[in-house]
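These are the structures in question, set out in turn.
Shared between the two complexes below is chain A, which pairs with chain B and chain C, respectively.
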Partner chain A sequence: MRKLLRVYTALLKANLSEALEYRAQIFLWLISSIFPLVMMSVWLALLSEAKQIAGWGQADFVSYYVGMILVNHLTGSWLLWDWDDDMRTGGLSTKLLKPIDPFHYHISGQLGWKALLVIFIVPVIVGVAVLSPLVTFPLNFLTSLTFILALIFGFILTTVIACTFAMLGFWSTQVRNVYQLWFGAGQFLSGFIAPLAMFPPAVRSIAYVLPYRGYLGFPLEILTGHLTWPDIEFGLITDIIWITIFFILYRMLWKAGLRRYEAVGA
Partner chain B sequence: MRKYLRLLAIFYKNTLINELEYRLNFLSNMFLSLFWLTWAALSVRVYFFHADSIQGWTYYQTLIVMGLFFGMNGYRQMILTPNLSRISEYVRMGTLDYMLTKPVDSQFMVSLRNIGVYNWGDPLLGLGLVIFALAHLGVWPSPMQIVLFVVMLVAAAVLLYSLNLILQTTTIWLVNVERVDTLVQGLLETGRFPVNFYGGWVRAALTVIVPVAFMTTFPTQALLGRLNSSTALISVAAAIIFLIIASTFWRFALHSYTGASS
Partner chain C sequence: MSIQVESLTKHFRVHQKEPGLAGSIRSFVRRRYETVRAVDDITFEIAQGEVVGFLGPNGAGKTTTLKCLSGLLYPTSGTVQVLGYTPAKRDPDYLGQFTLVMGQRNQLMWDLPAIETFLVNQAIYDVPEAEFRETLDELVALLDLEPLLKKQVRKLSLGERMRCELAASLLHRPRMIFLDEPTLGLDITAQQAIRTFIREYNQRTNATVLLTSHYMADVTALAKRILVIEHGKLRYDGDLQALIEQRAPYRLLRLTLDHAVDSADLNALGTIESRDGLEVTLRVPRGSTRDAAARALSTLPVEDVAIEDPAVEDIIREVFEMGEVNA
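Then we have the complex of A and B:
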């Protein structure tokens, strides 16, 4: 355990300094935040004709989408692309020679970027929240803690999901496209396309038990004060169940895939 | 002119043959394009659960804009990105020197040498969505409206190209202007919806400063017979003026380019 901690500290340092060299990317991430803002303006256009939509007013939508930029960046992951590159280029073979599981390289790589994001994006969002009367995040001590917990769960969830899909790379070259299908379909049920409150109740009930909401809609609903206690508990438990399922799947596929990989390499 | 067409045929044929070798990839990408188109069409539907029309646009009218967004974005990914985004690389790697020695126009070479085959289905599928939406609306445009529509589309394509070339040409001096393409992509995203969906100053900015309205909203209006003639004229004029500016700027940049080896 202590050894692993030392390895992580070293990897994190290396990854953070690497991330710092690409500071320009931060600006590009802000640009990539345009999509939520585009969707927000359509809701605002709708609101100019009606006072409220499904009980949501102007401030609700603005807070939701500004919060989305934050949550999206913090739980998002491009782990799959890293894994896929490793498998295609043979980088995996080099990593297998080292004494720690390749999993840790990928995780620490993600954490390095997250650290940088926290430094750059969180102040921007907090600034917007303080300056704009339309952006309100009604958090108290307890809900702040659950929000952070939900964010961490969300990050772990995207991580294990990406790892699971990455393992398909042992058998197929189309992993990126398969992942895009999974991810794209999920955007309807994660709260990305629109707040889940805007969907018919049947769609909402399905979304609540699927894994997608865990990494976007759920933390976001806590942040914007749209969730109360029994629902928060339900969300956290759903997160834990899906994390467990995907982690087991990932490890099983990893073991099976590795046997295959070694067989091909030998 | 004929020489240039023959060159294009050779360039593109090679790329296509290469891509077709990986048939699974080819089919998989096509399927993915279809998926994202359906995704986009369904995602717009959510808004119309709550209203019949938004700022005077019905669901199927909005779908036409969405279809054109796919078309424009596909055009960007097929023609603009594989070519113009490499200017920076050409400068860094010294490839530009080599290109300048060729007996063909340099602007032609940096603009059309490559073609991206990854998204070749997008413009076709986008057009398919436009036709699908028109069928649902039940109003077929008159021949005059179709002509105007095509003119507006060409103007939009030229305008997008010119703005891209101007932005990318700056890399001749500032070698490290990376990812201008991502910026353009981000801005073009706003073209998914009619420009009328955006409030006050954003709408003004999307019409005058970043001419996204020209890319999808105006051609749709032409198709629906809603475009006034002054907007059409401005569109065409803007395309011609920006093409001249971009071309002049490219030549000007080459004059101050001293080569990679000196």
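Then we have the complex of A and C:
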């Protein structure tokens, strides 16, 4: 454990310095933050015809999508792309030679970028929330804690999902497409295109038990005060179940994949 | 024994595709696979502290064998034991005791100075601070890294990068070193620096070294014993010099002539290996190389003369053409 901590500290330092080398990329990535605002403007246009939609007013939508910028960044993951590059170029071989699981490289890489985020984006979002009367995050001490917990679960969830899909790379070269398909399907069920409150109850209850909501809609609903206790508990437990399922899948595929790994390009 | 390999076999299933769009469509509908025997029933042992050269043409199975020894590949059959471990089990204790340096692969973090990779490796291999400093100082001195440490890796030349690469691979003081084409693409000076370093490292630490290289000089400078592999089969296991003298009992006499001469005059000295304008290469029996060179100088309009050993690939190829070899 102490060794792992040393490894993470070293990798984090290196990854953070590496991330800072890519100033243009950081800039582009900050710009990509505005996608949720595009969805927001669609909903605000719809709202101009009705006062409320499914009980949600202007402030609800604005808060939801501004909050999404934050949640999206903090739970988002491009691990799959990292893994995929590694498998195609043989970079995985270099990592496999080391006495730590390649998983740790990827996670610390993600955490390095997340650290940058906390520095760049969190202050902006907090600033907007304080200054704009339309953006309200009605959190108390307990819901703040559950929000942070839901964010952490969301990050772990996207991580194990990405790892699971990445393992298919041992068998196929089409992993990126498969993942895009999965992710695209999730745009509806995660709460990105519409808050899940907009859906008919039947669809909503399906979305509640699927893994997509865990990394977007669920933390957001807590942040914007649309969720109360037994529902929060249900969401957290759903997260844990999916994390467990995907983690087991990932490790099984990893073990099987290593057996047929051909160490190409290295 | 520090390496024990018994009946190691590794097969790959390779997807076959006919050329052109029609071929692509056919292969989309129905994939055809062919089994390639990259390594086929190989057995050998290597003792701690030995330096062994691993030779063979491209695609012979050298790298595949090294990958099996490093735990990157699961053997199809047979057993591999290195330092008492089964590499494919990827026991962290084993992974911490060897290194595989690949001339065409980079473990250094591209956008950062090499020292950053060294520090990450220190943590990964759990090297105590004092030991780390000591090893690093040694490596810096031996490989002349001082001016390179703080430069971004992507700004280093190939030779500089390879030196840093070696240092990164040796910071944990491995007892077992696998080198796959460590001097690939390097100039003569850089090749020599790497060779000298590997020899000194072996003498000082008694680490076992198994290396593949296309450069004869790498192998002759470092290894007394060689393993020759072709089409996945082990063809020779034994003393390098003995193999060369026995199987390639000639050297090459390279002449640069002032003006053209008759082939007959050249044939009198040795067999013509190649002739390109005024550049002539002759095969001369090993024992009479000096004689032949002297005669060439006195009987032919020679501008320049050089005596070389045949390229290792050539010797190996001839070994194969002559059929099975026994040590």
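Descriptive notes on the structure:
To be clear about the criterion, the second predicted complex is superposed on the first by the 258 of 266 C-alpha atoms of A that agree within 3 Å, B and C clash if a C-alpha of one lies under 4 Å from a C-alpha of the other, contacts with A are read in each partner's own complex, and residues count from 1 in each chain.
The criterion applied here is as follows: a contact is a pair of C-beta atoms (placed from the backbone, for glycine too) under 8 Å apart; a residue touches a chain by one contact, two chains touch by 3 or more.
Bear in mind that the values here come from a model prediction, so they are computed numbers and not experimental data.
Judged by the touch definition given at the top, the superposed model places A:G184 against chain B, while chain C stays out of reach.
Applying the stated contact rule after C-alpha superposition, one finds that A:G90 touches chain C and leaves chain B untouched.
Residue contacts after overlaying the shared chain place A:T9 against chain C, while chain B stays out of touching range. Contacts of A:S132 after superposition: neither chain B nor chain C is touched. When the two complexes are overlaid on their common chain A, residue A:R259 makes contact with chain C while staying clear of chain B. Once the two complexes are overlaid on the shared chain, A:K98 sits against chain C while remaining clear of chain B.
Of the two partner chains placed by the overlay, only chain B lies in contact with A:S41; chain C stays clear of it. When the two complexes are overlaid on their common chain A, residue A:E49 makes contact with chain B while staying clear of chain C. By the touch criterion defined above, A:S205 lies against neither chain B nor chain C after alignment on the C-alpha atoms of chain A. Interface residues of chain C facing chain A in the complex, by the touch rule stated above, are 12, 67, 70-74, 90, 92-93, 95-96, 99-100, 102, 104-107, 109, 111-112, 116-117, 119-126.
Residues 24-25, 28-29, 31-32, 35-36, 39, 42-43, 46-47, 49-51, 54-55, 178-179, 182-183, 186-187, 189-190, 192-193, 196-199, 202 of chain B touch chain A in their complex. Chain A contributes residues 3, 6-7, 9-11, 13-14, 17-18, 21-22, 90, 93-94, 96-100, 258-263, 266 to its touches with chain C in the complex. Residues 24, 28, 31-32, 34-35, 38, 41-46, 48-50, 53-54, 173-174, 177, 180-181, 184-185, 187-188, 193-194, 198-200 of chain A touch chain B in their complex.
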